[in-house]
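Dropping the structures in below, format is structure tokens.
After this come two complexes, each holding chain A, first together with chain B and then together with chain C.
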Partner chain A sequence: MTTASLDPTGAVEASTAPPGADPETKRRARREGWKRRLPLMPAFVFVIIMTQLPFLATIFISFSNWTAFSGNKGFAGLDNFKTVFQDSDARSAVVTTIELTLLVVLISLVLGIVIALLLDRTFRGRGIVRTMMIAPFLIVPEAAALVWKHALFNVQSGLINGSITQFYNWFGLKNPPQPDWITSHPLGTIVTALVWQWTPFMMLIMLAGLQGRPMDIIEAAQVDGANTWQIFTKMTLPHMRRYIELAGLLGAIYIVQNFEYVYTITSGGQNTANLPYYIQQTFFAGTGEYGVASAAGVVVVIGTIVIATFALRTVLTVLKEES
Partner chain B sequence: METNKTKWGLAGASVPIMLWTLIPIVWIVATSLKSTTALADQQQNVFGNFWPKSISWDNYSLIFTGGAKDLFVPALWHSIVVCLVATLISVVLATFCAYAIARLDFPGKKAILITALTVSFFPVIAMVTPLFNLWRILHLFDTLPGLIIPYITLTLPLSIWILSAFFQQIPWEMEQAAQVDGASSWQAFVKVVAPLAAPGVFTTAIIAFFTAWNDFVFSSNLTAARAQTVPAALNSFTGASQFTQPTGAICAAAVVVTIPVVILVLLFQRRIVAGLTSGAVKG
Partner chain C sequence: MSTMTKRIRARRTEVHNAEAMSHSGPALKTFGYLAMVITLLVVAVPLFWVVVTSFKQRPDIFTQPAEWWPKHPTTDGYHNAVFGIPFGSYLRNSLIITGVLSATKIVLGVLSAYALSLLRFPGRNLVFIVVIAALMVPNQITVISNYALVSQLGWRNTFQGIIIPLAGVAFGTFLMRNQFLSIPTEIIEAARLDGAGPLKLLWRVALPMSWPTLVAFSIITIVNEWNEYLWPFLMSDDSRTGTLPVGLTLLQTTDGITNWGPVMAATVLAMLPVLIVFLVLQRHMIKGLTAGAVKG
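== the complex of A and B ==
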């Protein structure tokens, strides 16, 4: 894709009146401006209502003493937040969320960079290979989680244990190990499956970044005798820094929210419950602790806003550099 | 400039990565094509139990006409209807919105875009819990509109952001040029602007559809039985009998729900990649 600046904020000032126009034109331009701004309203109002109102409701419920079992018993002050920070399950969910997000983002980022570097060169069948490498990202996440659980990690019929058996047979070895992956490495299995699905996403952003490299300078460095490794560490990586930050932050925002992998693969067992899973369980299971679940929801939103602020800053810097 | 050694090193490095990415996918397809007996019996498969000797459509008939029919077929319809309606509404709204953003310079424009971006990062789980209570009061729980509305929320901010980036590249001077040449503003829009904007709108629609199609959090928590979509229904799959694993059926269903996405992406790959990274980085 060859594109001009993609900064959506740099508007074409086609509809505004030129400076020095007579007052009548200016007024008409302003009226025209309002008329044109009107189409924004339905979309904007809908987004505000649908995202801000539930959030306000969550804040409201987080301060109330409300369970599915006993109904709303009024104002609870900060009790629900205290519960969230004192409850060992909630604390463990916070730790798991951080572990899960860091592991998945870091591993898939490294793999994404490696694959992007491999694909960022001309060879026959490059288009096909690139399409195939995107494939994991296209599978419905819940289907992918189920497939990993039932068709890959399964003790008897799973692909991983099957491959181990096959390798042992090839080399004439007896008694191949057949571990129960989900029980022995619960968090590891979730991380593995998530990395598999998210690596293509990282790869896509990395490829976009690689294409923006100043090739003339790199060629000059090659002429001056720099080797591949030097070019990679001294030139490619610094250029890619922004893209790496961006991919990492966008990935983190989505993986912090991930619910289906934890829900499907381990059902939160063995300390693998992350915050979204904890919230869902607190809300829907047992006595339905609406207040506590909402307080945990507020915590997640605040956490996401913190990450998102960094992401936003990166996005805006990238945009500025591009334009 | 590359030595042969580097070349072979790169080839060597790419093999395990390709295997890691692709083998699970081939395995899903292979498993979906195994008959119930082949799933349990090594002798009926080749490559060490990997690919079935004879392809069987058992798993596909199980989900379309067999025991899992009542679970899968309605869910597939719900998925299609809910995602199409939500995509249509949010793309139409986003088109208006992005058009205004691209054509006008007004205070607060940047704020609107930043809000759209922030909102698309909003954790869905924090929306589900209040909606659950609200939807039960409004009788929207376990209904199709009860899913369409949150899916618009999910896809609208994203669509606004991507479309604004696309519209930015349109040479708007052409619209005025057409008007100067005597076209009415409606003609200018239909004949000049719409054809230029269509690819962007279409790509946005695909990405929005993809986002809604993949959702599990809303569909598993805001529906029970009457409005379940595929991701939620998949979770309640069981095997042909109580004692068999649902693996074959799950793989078949995974293939079925992934096919539309793969077709769309294969057809429009370049544009989608540009769309996914647009507004974020240069595509």
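== the complex of A and C ==
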């Protein structure tokens, strides 16, 4: 997990009792404090139950022999995990998931920051531009994946190859190249489509972050003659760090779980099967091995934590060294 | 609003713009606009294509070279999308499910984030890690145990069967917790010394300082619920509880070949409600007077 998100120092340590009060008053104050916190607790407990039950069930199932046909739910020990790690499909799915997630998160994060910075200025038509920029995120992912596959990347009728032809015609050139994008760059096409849909998500969080900058301090820095680049690297970027980590981690979580794009664009062919696709195949299409599918799920969780922590740390260390 | 606050706000916008604009020597400024135009194009072309295709007749959809404007514009796609499937029912179901789920998630997310950031209790960070771990379990997995449970309860084809398993909110808890932690401790302490209880502290102090993040959280939640596919698909057999994305796939497979016009038309129609929500909410992403409530 990232350093900032687990850093407990933001917590307020002040107790309700005034300093130096005698123990009896303190105890009463504490009891009083709990009574006031109570209204928050049902919601909190509900959230914990709702998020934890499926998670615990998954861990439980990952250690069992449960399949769609056996009905035998005996304890399997680490067998399911062994299966996952010994299966070459599963291993390649792990590698693909890592590649896919890193590429999409890093590219869309950088684009998101740049676009957020551009959109944070005031200019004519900002509302319209902002709305356009967010629109890809609003489209149903299944439909978006279909559009990318059939309307954009298609060899004969796709918009990309169509534009290349048009471009060549304009300049009187012959034989425009008509690459089969999905066959020649299977992962690249998925990454492109995912970046298109997820950049707005990053942008949204970055915009929220930019709005929270302490403008009075920045103003003071300007008065003191700091230039734009200095303000950006010394003030804006450090302020945004928390938001960058957050957007990176949340984006990684969603993209690790992405299923629709892989399923629609390549159907997992040419080494593009990621873990969710592998899991879906194992569970729904294959032998219905709940245990193995759940074990793969647990691996995804651990993998995400490791990747997200590692990748973010690296990027942020580089950023810090620069500033 | 008093003239005083107006003046402060105007001043702040001015400073904000000055900061943004001072990115700009003329060269940088041009570069900025150029970058924006290119990005806009890349973002807009697929969108444009969806809209244009939705107005095309079937034979015109896959032609070479690509047809940038429908030669024979038609609203058949929309007609098919709305009358070919029980569109009204799907829309109603989507509105009910998204409305209830988003409201629940926003309230629960804020309350639990608040508990995890500004209240002290034993094991707080452990609870937080556990909630985050839950966020990372792929849907495809939790669906297995959820499905078993919900069908045992006889809740298939019911709204509660779709809504309750989705109501756990790890994402918002995470986002809002980080936001609350970024509020300067001086402010929280001052409010506490003034005798504000936890709920008042949340409502009067923490939330007003967190609007942009709360709005981002709300938008992301509403969009995700609106587009949620796998779970409603597994839970619904027909238009009694099916949502728009489920109906969309129905449209696609009615006659074996992909029905591009209607699919694109339905995609546009399905996007409109969330687009409106975004338009309404985006104005609140601008932080007003609360920015810099602490003077250094």
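Basically, the second predicted complex is superposed on the first by the 214 of 323 C-alpha atoms of A that agree within 3 Å, B and C clash if a C-alpha of one lies under 4 Å from a C-alpha of the other, contacts with A are read in each partner's own complex, and residues count from 1 in each chain.
Rule of thumb we're sticking to: a contact is a pair of C-beta atoms (placed from the backbone, for glycine too) under 8 Å apart; a residue touches a chain by one contact, two chains touch by 3 or more.
On a predicted model such as this, the values are computed, not experimentally measured, just so you know.
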Does chain B (first) or chain C (second) touch A:I134, or do both, or does neither? both
Please work out whether A:P276 is in contact with chain B alone, chain C alone, both, or neither, and reply first, second, both or neither. both
When the two structures are overlaid on chain A, which partner does A:S294 contact: first (chain B), second (chain C), both, or neither? both
Which holds for A:G212: it touches chain B only (first), chain C only (second), both, or neither? both
Between chain B (first) and chain C (second), which does A:L159 come into contact with in this model arrangement: first, second, both, or neither? both
Output check: A:A93 vs chain B and chain C. Expected answer is one of first, second, both, neither. What do you get? neither
Quick check for you: in the superposed arrangement, does A:L118 touch first (chain B), second (chain C), both or neither? both
Once the structures are superposed on A, label A:T264 by its partner contacts, choosing first (chain B), second (chain C), both or neither. first
Overlap of chain C and chain B interfaces on chain A (superposed complexes): 1, 4-8, 10-14, 16, 36-37, 39-40, 43-44, 46-47, 50-51, 54-55, 57-58, 61, 111, 114-115, 118, 129, 131-136, 138-144, 146-148, 150-152, 154, 157, 159, 162-163, 165-166, 169, 196, 199, 204-205, 208-209, 211-212, 222, 228, 246, 250, 253, 256-257, 259-260, 275-276, 279-280, 283, 290, 293-294, 297, 300-301, 304-305
Within their complex, chain B touches chain A through residues 1-2, 6, 10, 13-14, 17-18, 20-25, 27-28, 31, 39-40, 48-50, 90, 93-94, 96-106, 109-110, 112-119, 121-134, 149-150, 152-153, 156-157, 160-161, 164-165, 167-169, 172-173, 175-176, 213-214, 216-217, 220-221, 230-232, 234-235, 237, 245-247, 250-251, 253-254, 257-258, 261-262, 265-266, 269-270, 273-274, 276-283
Would you mind writing out the residues of chain A in touch with chain C in their complex? 1, 4-8, 10-14, 16, 36-37, 39-41, 43-44, 46-55, 57-58, 61, 111, 114-115, 117-118, 120-122, 127, 129-144, 146-148, 150-152, 154, 156-159, 162-163, 165-166, 169, 196, 199, 201, 204-205, 207-209, 211-220, 222, 227-228, 231-232, 242, 246, 250, 253, 256-257, 259-260, 275-276, 279-280, 283, 290, 293-294, 296-297, 300-301, 304-305
Touching chain B in the complex, chain A uses residues 1, 3-16, 33, 36-40, 42-44, 46-47, 50-51, 54-55, 57-58, 61, 111, 114-115, 118, 129, 131-136, 138-144, 146-148, 150-152, 154, 157, 159, 162-163, 165-166, 169, 196, 199-200, 204-205, 208-209, 211-212, 222, 228, 243, 246, 250, 253, 256-257, 259-260, 263-264, 275-276, 279-280, 283-284, 290, 293-294, 297-298, 300-301, 304-305, 307-308, 311-312, 315, 318-319, 322
Provide the residue numbers of chain C that touch chain A in the complex, in ascending order. 12-13, 15-24, 32, 35-36, 39-40, 42-47, 49-50, 53, 61-66, 107-109, 111-112, 114-121, 124-125, 127-142, 144-146, 164-165, 167-171, 173-175, 178, 180-182, 185, 188-189, 192-193, 197-199, 212-213, 215-216, 219-220, 223, 227, 229-230, 244-245, 248-249, 252, 258, 260, 263-264, 266-267, 270-271, 274-275, 278-279, 282, 285-287, 291-292, 295-296
